[in-house]
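Read from first to last, the chains carry the letters A, B, C and D; within each, the first residue is number 1.
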């Protein structure tokens, strides 16, 4: 309904939780594409470890360098708030995506997908193969990972309501590390032989769980699902260790982030609004929150359509 | 007071030679490991299943390899904090290489060791020639090599390795022997290290340097070259461990190694194993058993259904217990 | 090993450490078949000269030659290549390695091609033989850390022999040895001399020097002040050359039988198997000597008395107060100090200044209520120590590590004496101290005793005990073997006592 | 005046580096100079590292190490947050209790090291694991946040709108620590132990109690850093302190404190804190990525210690540098001294 004013070149930074993970890299891929068409001078920069302090340092430097918009997926909702508020006070547009910050510290938040929808998708992904009586192990990243906890909350709610016989037998953590996730996965399979499904809502964790199942030759007996980019899990999906795995289109999300950043920097977006992104669709802004999409469930049939 | 005299033996001869007290830390550790295995096994029989034991040994291989090289470095009164960064870089480089090129393993292996050797060599140069205290030198190269990993990977990560690699990480080299290749590699490296340390000049020179570098130099040992070699070996072994890591797990990210604090863990197992941080004394068997011990403890915590947040506390307590039990007491602080 | 006749000569050697000029145009030549002794005060540069000859230090100027051919001694291995071996002043054995391996350090024999393995059997056999030849009875498989300093010294000698070195420089080898071991060492040196080896020797003990030397060179302040052959030995002349003034010896203190209540009394002190049943008293103004063989346990007893070492039983009373369970700090505060024998490890903190070292024993007293140190008093104490013991140093802020061994010893001595103890246990108080300073320290010990301090002197030097002590206790195998007083304190009786012969 | 100018050559070199860095960034990096207060406020980003470095200095001076500082600061912050949020305690009382808890944790480290005779490295590595588990357990799935604006002043406030509160506290503490080490009996004992613990023992120093206090101090400073971080972020996280350790050690060592104990002083550490902090913030503002910054800091650490080693025995003046470079003879080995 509106055309975006791209007359002025603006500087927009994308700050992931850490550089070096392919999920965030996929966002960058989409963002770069979009930035070209939006006359955006784009910078992808983040800390080398997933620390809030590292992000704060970077955000502060971006403020000093007078960026027009900062987009960020945060390691911690509250720790980032003071520096983001300072950025907003200087007239910099702040857009959070993926993992939110506290609402008063950003202009808009792009939620990957609604939490209940994701919870439902995760549970359905195992129920279809492990049955409604599945004994589920959860393999998450860290005990205080905000977004994982939100999803797991939704998983448990949906599970209790829909499949009362499904049970979570244990919760383990892989610290987002491939090796620790693999060890945790193997440990689950050894220590809890009754487990028939692993829900691993974290990139490294899903890969670790799938690798563990494959190592022990338990394909077909135990099923894994989670939230990982298709490149990471492609092989496991083809091998049948992972039958279905929900996520969303990370590349598309990256594009949307740039659109919202451009709109926010132009002061062209209201807290409750609608807008259309060419090639992606129409989005509603609801109290500054934009939901990117319904979960996109990767299966052996569709996974080769996605490359990120 | 003269009546107190009872000495009868020949003048100049000591009444009794002091009994030779050797601390057998490896035995203590072995016993501790068995106690944990049997104890937990009694409660949860699947803990003693072959597949679980194989897993516990397998998951100690990477740490064991790094621990061996760390033991050598610590014997020289040094420390190598950069092992985790070297491990990560090697895992990243060779993991990506295995997905992008079709280089066979027998070519990758020497290449990997050579890369690690070069990185280790720089550490050695900093320590032996520029006289930077090892902890500082390797702290510096830790950031340098860690940075290289980021630059090289440019945000990519390894999710899957070639079948060649996967077979190396998981398969059995000798078909009828149910021992995974990485475990064989660890055994081979440990045996070679033991031989070097106890039966080769190079190994004895390492010990001599750790005891008193100045005296070793005065005795004609080329301290600098030996140190250089030790750090080079450390780098090569850490890189090899990285290769084993990526072959076994099939994945690597830019924070592999550094993120898991392999450097601290490897120091911990060397010290648990009975190697003295002050140098001059090393216990390779202790290091290897120490790495198995650590992985047994962590797995035991899972089997005992301890909530996941307490794993690291359990690990910490077991490390403390391992170094305290049977430790030698000296009268001076 | 190169076949040379072994005339080792140094010509015009200069050496400076930073701003400190240690050797100035020094020339020296060591001839084969001779024992050439270097004498000089502490810090004169003797060790430095030997180190240069052994390739450990490099001279700033000058020339070293062997049989007239110039040598380039870039490192110790180069020196070994020419058959030169230095037995260092402080033995530097590697603690965690076995005695045998220590002896073969840097030249471990191997067998087999590839991989060539170390020939442990040969090493053990040869090492054991070499030690037996020196009369040292230790198991060569034992870790070197179990050896006493004297045993380490003998192992160093054995190392030189094993290496087949024909030029052996002994830097103060006798200071940790008792008379018997000195005898063994001298026998070895004579044998080597007979075989045409070139021997260098450093000692502060005049009797030893006249006994063994064929030629003596005297160093003072980094320059050679005198050189005499065997026939020209004259104690007074040597001392004058060393010190630059006359020193009067033969001052023997009147031996007294101290009266009064014991200020330190030890009963039934034991720590099996090192020592047991140790009873002794010391009275104010008394000097008690502890004699004994190396390894007889004197140091251990002293350390146990002073709370530095665990004991399994017994009581220690200081001025009527039981201090057997007190901490070291409290014991020093109560007035009992132990001046340790191992200077570098226990006595002095090498990188710290003379001031910090001199006051290290009484930090508690220098502290104001606020915990802040009283700088003025610190400086006063340090200056006092420097004066009283005539320490040669640039000033009280010079690091102690830059001083020569003897001067370090003076600091150590001063550090504990400045705490004004009631009882002082001095373990080898004059080890490695030059004649002048030794005399000085004797005078100080006597002075302190005259002021009423009770003093225990542990010494391996018979002379020292006889000159100083009112009473001598002989320790043998961790037990008191004999007690001699008054007229019984003679060289013969003390010597016999500590060999255990006086046991009744 | 004499006391204001550093006497140690290394400290002088650090002053020169700091001045050069600071003015360099001010001149060449747009955005770095942001008014008097704005520029000083940069220190808020790195002074928590400095607080840890001060405490760590004391431990490293004894020849020890404390790897548990990160988890102590996280745990202390979590304790404070819980006391405020769940028990409704007065904020400053909670702060005091949390700092006390930090001291207690450090004291426990000391006990393990001195009573069980465990190497400091391995002891604090173990307690690091233990403390961080406790912190994670206490913090729960959503750690508390929001402690009020008064508390926020500690981390982000400025005295009279000018000088950041953190900076003022740091300077006061640095002077205090410097006095502690150079002027007090405790400091003297600390240094003696660092150089030669046996000799200190023989001189009557109660080595164990001095060490225990050192670890206690380190724990207190780590806890304080955690509180400052909590104030700065207005939130806590169990793993908040993890990043502190390596950078703090780097600061201590770059500051000239020998990792083997005994040698070095607080002035150098203070300067190193400023140098590393300014360098990192300046480079980020200049547009370098986090990764390049980290690498460069590693390289700077290495080259400065190398330079220090090459020149320290001969001084830093130009003449000796030239002499040094022209004579390529290997540095003389310290022979065992007589």
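Criterion: a residue touches a chain if its C-beta (ideal position, glycine included) is under 8 Å from a C-beta of that chain, and two chains touch if they have at least 3 such contacts.
Since the structure is predicted, the reported quantities are computational estimates derived from the model, not experimental observations.
The greatest centre-to-centre gap from chain C, using C-alpha centroids, is found for A. Chain A and chain D have centres, each the mean of its CA atoms, that are 36 Å apart.
Rounded to whole angstrom units, the spacing between the C-alpha centres of chain A and chain C is 73. Note on chain placement: the centre of chain B and the centre of chain C lie 42 Å apart, centres being C-alpha means. Annotation for chain D: residues 136, 198, 201, 291, 294, 333, 335-336 touch two or more other chains. Residue positions of chain C touching 2 or more other chains, listed in rising order: 56, 88, 92, 308.
The set of chain A residues that touch two or more partner chains comprises 19, 48-49, 143.
Under the contact rule stated at the top, the pairs of chains that touch are A-B, A-D, B-C, B-D, C-D. Residues of chain A that touch chain D in their complex: 19, 45-49, 51-54, 56-58, 60-61, 64-66, 76-79, 81-82, 142-144, 146, 149. On the side of chain D, the complex with chain A involves touching residues 30-32, 34, 45, 136, 139-143, 145-146, 156, 229, 232-235, 237-240, 242-243, 280-281, 284-285, 287, 289-291, 294. By the touch criterion given at the top, residues 179, 183-186, 188-189, 191-192, 195-196, 198-206, 262-263, 313, 329, 332-333, 335-338 of chain D touch chain C in their complex. Contact residues on chain B toward chain A in their complex (touch as defined above): 44, 46-47, 49, 51-52, 55, 59, 62, 146-147, 150, 153, 155-157, 159-160, 170, 245, 249-256, 258-260, 298-299, 302-303, 305, 308-309.
Those residues of chain D that touch chain B in the shared complex are 67, 112, 114, 116-119, 121-123, 125-130, 132-134, 136-137, 197-198, 201, 207-208, 246, 249-250, 253, 258-260, 291-292, 294-295, 297-299, 301-302, 305-306, 309-310, 331, 333-336.
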